[in-house]
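Two complexes are shown next, each including chain A; its partner changes from chain B in the first to chain C in the second.
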Partner chain A sequence: MAAMSPSERRLQKELMSLMKEPPPGVTVDGDQASQNLTLWTIHMEGVPGTLYEGEKFVLQFKFTNKYPFDSPEVTFIGNNIPVHPHVYSNGHICLSILTDDWSPALSVQSVCLSIVSMLSSCKEKKRPPDNSFYVKTCNKNPKKTKWWYHDDSV
Partner chain B sequence: MNIMDNLFNVLKSDDFNTLPHLMKGLNTLFEAVEANQSGPLKADLLDPQFLSELESVPENVDISFGKSLTDIKCLIRDENLRVHEVYLKYDGIKRIRIISVNIPFAPFLEYIYSTVEEVIVAYLKHVITLQSYFYELENIDNNCVVVEPIKPTFKDDYRNIRIDDKTWLHVEITPDGYPTNIHLIGQSETWQDKLQAGVLNWDHDKNIVENVMSIFDFDKSMLLSKGNTNKLDHEDTQMDDGILCGICFCSELPNSPGVPQPLCQNSNCNVYFHQNCLFQWLVACEGGRPPAFGVINGSCPTCLQPISCSKKDCVI
Partner chain C sequence: MHILCTICSDLVNPSENIHVIKCGHIFHYDCLKQWVDRSKSCPQCRIKVTNSCIFRIYLTVSNENTEEDVTTLQSKLDNTQLQLRQAHIDCKEKEKNISDLKLDLKKTEDLIQDLEKKLVIKSSAVTALKEQLKYVQIQNQETQRLKEENEFLKNNVETLKGLQKVLNACSEEVEKMLPDYNDIRTIAMFATSLKRALCDSEKKKNEYRNQVQQLKQKLDSEKAKTQKLQIKLNQAISDASIKQQNTCLKKELSKVTTHDDSAIDITIQNKTRENGRSSDDSFTHLVDKIENADSPYLNLKQSSLSLTVLQRRPNHQLPDKNLKPSEYALINSVKASVAKQQENLSIFKKKESVVEVNENSGGLIDISYDGLGGHSKLDIFPVPTKPGKSCIPKLTAKHKLKRPPSNTQDLQKYLKKRKDS
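Moving on to the complex of A and B:
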């Protein structure tokens, strides 16, 4: 087997620790991820006591070979995209740590926790105000979008 | 019968239908092949004069062969009973080259020697001049906690000595045994002040360890205290032992030397980084432009406090 690149080594380690000690409500599809380390599917459950209690979501992580210097591309996929002021109906998430504020000290686990907390602190289920326009015009890759992080409260 | 036929026989045979049997069969086969190959080498490849030379080396030298009979490893004991490894290559009659030695300063590497004895004499003559270098390194290794190199040898002419969990002292040793390029890694201001004052009062009649102890007001037990450096001893870290880098999450980098260092100067940020990883990240933050003077500034990936990193030793 060829030697693993630094990005593969790190992803392998993250995958192992995420499978071993997943945060509450978060499970990674380990078989799929170990077959293709650059594409992960993560299942997420709405936290009890929040607006999303009982709902199930699926997140997709895509990594480049520059990870962790380059942030992962994270989107919601599947039938149930959470209705949230920072989540577009095509699954794109407006979250600063996924682009401008990304740091290599962050990890899949910390991104998952940020998304869980973003959902949990929501007070009213609604789509972003520019949803229909954005979904029609945006690039497939959310990282190509120049996000305007207008609101820190949710 | 050639090797391939033998191999097919083993693979097809019913005697080897379980894995342990198969392994055993293959093993016997390979042993036979190996025995066949090394047989005629001795007679054909080496000239008898060279062989007799090898038999008559002085008793402070041990000779062994490497991959082939022309690769020779000499273990030479010097007059202070330190053992040195010298690797030689036999290029032909009266043509012997030194391939590598376990010391960093070896001005005689390019020469071609006619006998092994000539090599030993030249090496021992050179090694005599390095006695203070060896002494200082041994003294540091025996009396301090050396965090880098991980397995220090005489080939490494520097040591990173643990001062506390967040601070290491870097010292390089010259061939004459003098310290040079002394600086702190991950310095706190208190240690920095002590070092600056201490370096001016360096006592050249004392050895490096004694000077370090008086600079930092340490006694012997404090220098040998490992603190939390070994905190990762528990079983969770089977894949990597030692301190992990906050960027690549590993302790060793496959393609470059170095262990994660306490580079962030925020005393509340207990994260270590490979110099290489941090440099790469800070350059990426600047849009990929490498810094003009080798030192790049930015913010710590973990605590966002100001951090800087120099390019020295970095491979990108």
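Moving on to the complex of A and C:
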């Protein structure tokens, strides 16, 4: 217990707070996360009143031992990848706070809220314009992609 | 008053190194330093941060505030819960480890049992194999021994072959062969064996020489014996011939004195035999010649005295030996009766009796002239000599039987000897 690294301590605390006070429509797979603190699976529901109402998505968080200074690797997994202009069909998400605009003050909870907000603000369900090209050529790790954040509105 | 560092999300203690950015956000110095090294912005408000706009602050907290407020308790609870959770996780892990280890243990035990069983089997197999190995080793030793023996025997055979060659071959071949033998012992053996063979042959030579000498001596003695015997034989032969001649002469003398006619007959026969005994044809031919001659002195055909006696004699030689005693007696009686007639008929006998002359003349001239132109037949009382006349051939046939058999045999013997000698 004493040998826990600062990253593990913070992840443990975040997991506790997320399990205790989760944001609406967000649930964390606590058992899996406590087995392996560096790999979390979070279930997310489409917010009522939006285009994704009734849909269920699965998010995967991968942390390095340099968290929170390093941003987590966040992707949609499973059969249902939300159709969204910033979400590619392989699950990669084009979101600035996950790469360039990451800050150690951010947390899993704040990232989840950001994604929910991103989905909720969507006005038309469509794939990104360069989806097929990106899916063919991209790296497995979305953090390696040099994102061009073209649209800040969503 | 409880202040949180948003980077590590831990409480900030007044005793710790606390820094504040000019925007007013407070962090642990270590946390802020790590972040500023990466990105020179405030983690909370993203204001540009430089080293000159970061300040250390010192907080003075009153010691009077001892009562536990909710936040502190909450934080403690959180920590404890976290520890508990961690402990649970640890416990679970340990339990899992234990069960895993138990499973492993069971597996290992099973494995051990299996292995023990296998070990038993293997050990028995090993003992069996050891036994086999021992047997094989023994066999191997035996084989090795046999091999060595074989090698030794081969060498022996080779040396013996060489020896054979040395003994039998000529010197050239031996000289060719000898360089192949490097072993001094073999060559020495060859030499000794050759010496031995030489000695043996020397001995044999001596033996044979002795044998030859002995045989020569024997031969000489035999030769001397044969010479002696030859001399003796010659003497004996001469003695025998003299004796025989003597006896023969004696006999002849006696014969000559006793029977003149027969002696003459015999001498004639002897002469003819001496001349050509084997050719009876020539003899008979001579007799025929005499018979058929025109000479008035030899008018034998017309005379009653025929030479048939001479002609037939050699053809009627009866084998006396084959006769039975009864037959012999019969023949003797016949001989005796015939002898008398023969004596009368023989030309070598003097015509003494008148009766015989008459008889003979009567046979030929049975008509007498009376001088008156007639003739009268002499009336003679028939005597039983007539059948005797007709019996002449019969008598001549038995002419030889008339002679005493001993006499003829002696004569034949004498003739033979004479011829042989």
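The rule is simple: the second predicted complex is superposed on the first by the 152 of 154 C-alpha atoms of A that agree within 3 Å, B and C clash if a C-alpha of one lies under 4 Å from a C-alpha of the other, contacts with A are read in each partner's own complex, and residues count from 1 in each chain.
Methods note: a residue touches a chain if its C-beta (ideal position, glycine included) is under 8 Å from a C-beta of that chain, and two chains touch if they have at least 3 such contacts.
Predicted, not measured: the structure shown is a model, and the values here were computed from it.
Looking at the superposition, the partner that touches the larger set of chain A residues, chain B or chain C, turns out to be C. In the superposition on chain A, contact of A:P6 is made with both chain B and chain C. Shared-chain residue A:E14: touches chain B and chain C both. In the superposed model, A:P68 makes contact with both chain B and chain C. Judged by the touch definition given at the top, the superposed model places A:P104 against both chain B and chain C. In the superposition on chain A, contact is made by A:S34 with chain C only, not with chain B. Counting contacts as defined above, chain A residues 4, 6, 9-10, 13-14, 16, 68-69, 103-105, 107 meet chain B in one complex and chain C in the other. On the side of chain C, the complex with chain A involves touching residues 6-10, 31, 34-35, 38-39, 41, 43-44, 46, 78, 81-83, 85-87, 89. Here chain A touches chain C in the complex through residues 1, 4, 6, 9-10, 12-14, 16, 34-35, 68-69, 101, 103-107, going by the rule given at the top.
Within the complex, the chain B residues that touch chain A are 239, 246-250, 253-254, 271, 277, 280-281, 284, 301-302, 304. Only residues 3-4, 6, 9-10, 13-14, 16, 68-69, 103-105, 107 of chain A touch chain B when the two sit together in their complex.
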